[in-house]
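See the structures that follow.
Below are two complexes that have chain A in common, paired first with chain B and then with chain C.
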Partner chain A sequence: MLKIKDLQAGLEGKKILQGINLEVKPGEVHAIMGPNGSGKSTLASVIAGKEEFEMTKGEITFENEDITELDPEERAHKGIFLSFQYPVEIPGVSVTNFIKTAINETRKSKGEKDMPASDMLKMIKEKADLLEIDRKFLSRSLNEGFSGGEKKRNEIFQMAMMEPKLAILDETDSGLDIDALKIVANGVNKLKSKDNAVIVITHYQRLLDYIVPDFVHVLMNGRIVKSGTKELAYELEEKGYDWIKEELV
Partner chain B sequence: MAKFTEDDLKKELENKEYEYGFYTDIESETFPVGLNEEIVRAISLKKEEPEWMTEWRLESFRYWKEMVEPEWANVHYEKPDFQNISYYSAPNKKPKYNSIDEVDPELLETFKKLGISLEEQKKLAGVAVDIVMDSVSVATTFKDTLAKKGIIFCSISEAIKNHPELVKKYLGTVVPQRDNFYAALNSAVFSDGSFCYIPKGVRCPMELSTYFRINQAGTGQFERTLVIADEGSYVSYLEGCTAPSRDENQLHAAVVELIALDNAEIKYSTVQNWFPGNKEGKGGVYNFVTKRGLCEKNAKISWTQVETGSAVTWKYPSCVLKGDNSIGEFYSIAVTNNFQQADTGTKMIHLGKNTRSTIISKGISAGKSQNSYRGLVQISPRAENARNFSQCDSLLMGNNCGAHTFPYIEAKNKTAKVEHEATTSKIGEDQIFYCNQRGIDTEKAIALIVNGFSKEVLNKLPMEFAVEAQKLLEISLEGSVG
Partner chain C sequence: MSFKDKLLSSYIAFEDYLEADSPLHDLRNEAIKNFETKGFPTKKDEAWKYTSLNSLLKKDYNIFSNKEKNVELKNVRKYFLHEIDTYKIVFVDGVYNSFLSETTHDTLDVCLLSSALNKSKYKPVIEAYFNKIAKDDSLTSLNTAFTKEGAYINIPAHKEVEKPIEIINFSTGNEAAMFLQPRNLIVVSENAHVQIIERHQSLSENEVLTNSVTEIFAEKRAYMDYYKIQNDAETASLIDNTYISQERESVCRVHTFAFGGNMVRNNLNYFQKGERCDSTLKGITILENKQHVDHNTLVHHIAPNCESHQDYKGIFAENSTGVFNGKIIVEKDAQKTDAFQQNNNILIDDKATINAKPQLEIFADDVKCSHGCTIGQFDEDALFYLRSRGIGLKEARALLMYAFANTVIESVKIPELKVRINKLIANKIGVSLGFEL
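Entry: the complex of A and B
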């Protein structure tokens, strides 16, 4: 589904990603872990197509198509979803209006008509129930005055609505208490299928108790320095990252 | 990673031509340029006005001659040469239409281009349209329905002829002849406009709507509007404006007076989309308008405006809260782009006890434009327990535009409660990227953000007008604010 080869990218002349190789197949869950500043969020932004980041080398293909020249919205239309670490506020635009616009713009890009309002409402109800979201929440302005947990839950709600092929969860666990974490993880698990894939970016192993990864990658200084199974996550939790650094030397 | 950046947007925006720039070739009779007592008399004669009206105009002209053009507003422009303007222009053919088929097809074509064809309007149940084209009313519909309720809705010229007692009683009572330079000018030379009277206890069953349009090259437009809501009545009045593009600046100096008697309510909504000038800042309409309403006991006046056009705007729809317990409201969206300048806001004059006012102003600046909010909240010594809440929000797009807020508060009564909130924000790259990531392209994203920003005001507009207003917001920021 997603193939990244020798990806090098940076911001304002500073090199951050120094040659990433990663392949994600349908049905898989990949976890990317690493210390602060290792390039985890940069990787997520580059896959999503954020323009500030300059890609200097390598290739990113999605379903066998080179997407490096595509705008972020075109990547979104192809089924790439990013759950933001820091979701932005859009005052005056309700959660419902926002997701309706997102879905209909995506449909438009495929030459489809707007989703009928009744279908939309049904889907919103279904997905809100899945994530235990109060319906009142949906008429509030997007992320405005939301608690950290509400913001993250809203991200997963949007993911549920957009039904992406590839979802990248960038530190979705940060700012969540254990109950909210369980609800969010539970939601992600229910949305998982053999046809879609998830990349979980996290500092802590905690989330991986609930969203169990098939693969764990350790990102350090812009490179994936170690890959393994979920056991690697436990090892990291126990020993920190220093032993990997030593291994590398 | 090629992407549509904010810079690209700005370029596209600059290249976006005024969509309503077309010119209807209807035979017109136009006065020679210049202004003196003879011209004032000639206008009055042309309109077959009674002597008292002619005298009123002449009196206004004499005041005007002694006045100087105000310079305090935060706008810069070349002052119009008032002796180089023609003060009267009327379409030549002015038959009385019984049905839409009789209307000059070219005129209908103009309205079609505006997307407000009469056919469409007629279907829009509950909307009566009094069309002012180059100063003279050419069509009025729904008059019969209104007449049954005793509502008078006609051109001000007709009102002067047919309802002189009402015009005499109220004209110039809210905006006196010598109120300001432009009001004096308007009082001397006003060409036409609308008149509306709602009798006691009557709730006007439909939105009254007027479309103004400047059409002749070099013709100043001086509209005069007078709305009187008698005791316990209610009316919602809509005013919408567009103008064809012109190279030379066009002057527009309208006066609108609203009178809400005891327990009456007037809602006055405006969508203004006059030619803002081209991307170099050439041309465009100068919009110097005086709008004011008077509230008697328990009366309420709401001004709602969406200002997207004009090169220079100078406009402060105000409320004089004379009666006890009266309410004034002002909801405004002002969009400026390219070289547009807007200095707009309101005055809430609290005279009566327990008077309340609310001001919500949303300014959106793009390009190299300057957008100013100027507001006065005045609490007189007698206004016990007066309340005001003001909120002024500014949204900036790009780094070359400006937003300014000039709130004035004069409280002379200790029981007054006056609140003022102001925010300034910029459409952030992060907001755009967030929308992009959800499949929403940059133009649509900006439209979404702008609509969200303006929502509190858009919600105050009548339904059919809100749709048009949203369209105008998108047109005026299209390319940059799609």
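Entry: the complex of A and C
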């Protein structure tokens, strides 16, 4: 589904990603872990198409199509979804109206008509229930005055509504208490199928107790320095990242 | 002959034609003299540094409409907020149009200044209020000299007006170029409540220049909500001079929506004369092409314990220019004043300009005054967030513009007007977002 080969990218002349190789197949869950500043969020942003990052080398293909020249909205239309670490506040636009716009703009790009209002309402209700989201919450302005946990839950709600093929969850666990974490993880698991894939970016192993990865990758200084199965996450939790550094030396 | 000379010579004929016993004779004569001495403002005047009237004054305007032109309801319906649920005072080329209007004298006066000036029963009100708060600058004086028609609104004490009042000035393009000078007088008596919507609308591509003066008196505990909708044709220009006098515990809110017109200058002046007044001045400006809008605000804190809140948002595209000149004066006696001023601007294109100038003159020592001014571009992170949800660049920008202007939109108290303004904004930024903003 997603193939990344020797990806090098940076910001304002500073190199951040120094040759990433990664392949994600349908049905898989990949976890990307690593210390602060290792390039995890940059990788997520580059896959989603953030323009301020310059890609200097390598390739990214999604379903065998080169996506490096596509705008962020075009990547979204193809089924790539990024759950943001810091979602943006949009006063005056309700969660419901925002998600309606996002879905209908995506449909428009495929030459489809707007989703009928009744279907939309039904879907909103279903997904809101799945994530235990209060109806009142849906009429509030997008992210405005939301707590950290509410913002993250709202990101996953958007993901549930947009039904992406590839979801990238960037630090979705930060700012969540254990109950909220369980609800969010449960939501992600229910949306999981053999046809879609998830990349979970996290500092801590905690989230991976609930969203169980098939593969764990360790990102350091812009490179994937170690890959393994979920046991690697436990090892990192126990020993930190220093032992990998030593191993590399 | 310059436009100034044309006005001066027209004045003699105009004044001759009025009744000899008009209470305004002396006032008019004094005003025209004042205009003659001062002339039109030029860029040399500090307050007009960024706005030039030069090219506008070169046109050969007719000062009085020569012939009446009929306006059909079906052609102008869209400019009314409501067909039934509002009072309306409608002028066509400066002349009152009774067919389109809905006035009243039933417990409150919503009618014409011409009748208030000429009928003896209104004499005490005219003597007490007319031209009492308007300044003697040249443009206001010019309007005073030629005062003939406009809206007269008098809300008696404790009256809560049940529906909004619309003041609408149409120009038909009957003359190649038309100069209009409406004059409005609004008295909101003790504890009375009123909502007013004002609009100037050109119905043709012919040139129009309007020099409007509105005097508003809010008595003790009066509440007034005033909305100015400026979305006129590209050949229409407006100089709006509004003066508001507030007595104790009154609340006056003015929202200015500047979306169109060739040149618009808003001189909005507040005078807080009693304690614990509350003044709100808010505006949204969205411009394109070569449009120019100049907001020139004055809040004069004279009495203690008053508040003022200013919030102006501007979005400037293409070659448009904006000016925000916000002056706050706090007199020595106006202790415990709480004055706040905010002016935020987004420049969309490289050639768009905003000149922002906050001025604070504070003579009291125990006050809270703050002001903030920003000029920026779109937040790239916010754009990326929206685009990553499949929303195209143009729509994403529109959503951000809407969010940016939201602090002003959400304080509009008339729901239908809010819907209308949201539609105007959506039109202005050229998007359909699939939902009612």
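Convention: the second predicted complex is superposed on the first by the 249 of 249 C-alpha atoms of A that agree within 3 Å, B and C clash if a C-alpha of one lies under 4 Å from a C-alpha of the other, contacts with A are read in each partner's own complex, and residues count from 1 in each chain.
One rule holds in what follows: contacts are C-beta pairs under 8 Å (C-beta built on N, C-alpha and C of every residue); 3 or more make two chains touch, one makes a residue touch a chain.
Not measured: the values here are computed from a predicted model.
Look at A:D6: by the touch rule set out above, it reaches neither chain B nor chain C. Using the contact criterion defined above for the overlaid structures, shared-chain residue A:E105 touches chain B and also reaches chain C.
Of the two partner chains placed by superposition, only chain C is touched by A:D114; chain B is not. Judged by the touch definition given at the top, the superposed model places A:V93 against both chain B and chain C.
Legend: residue contacts after superposition of the two complexes on their common chain; A:E54 is shown touching chain B, with no touch to chain C.
The contact surfaces that chain B and chain C form on chain A in the two complexes overlap at residues 48-52, 71-73, 76-77, 81-82, 84, 87-88, 90-93, 97-98, 101-103, 105-106, 109, 141, 158, 162. Taken together, the chain A residues at the contact with chain B in this complex read 48-55, 68-69, 71-73, 76-77, 81-82, 84, 87-88, 90-93, 97-99, 101-103, 105-106, 109, 141-142, 158, 162. Taken together, the chain B residues at the contact with chain A in this complex read 1-5, 428-431, 433-442, 444, 448-449, 451-456. Looking at the complex, you find that chain C touches chain A at residues 379-382, 384-393, 395-396, 399-400, 402-403, 405-407, 409-410, 433-435, 437.
Every residue of chain A that touches chain C in the complex is listed here, in rising order: 45, 48-52, 71-73, 75-77, 81-82, 84, 86-93, 97-98, 100-106, 109, 114, 141, 158, 162.
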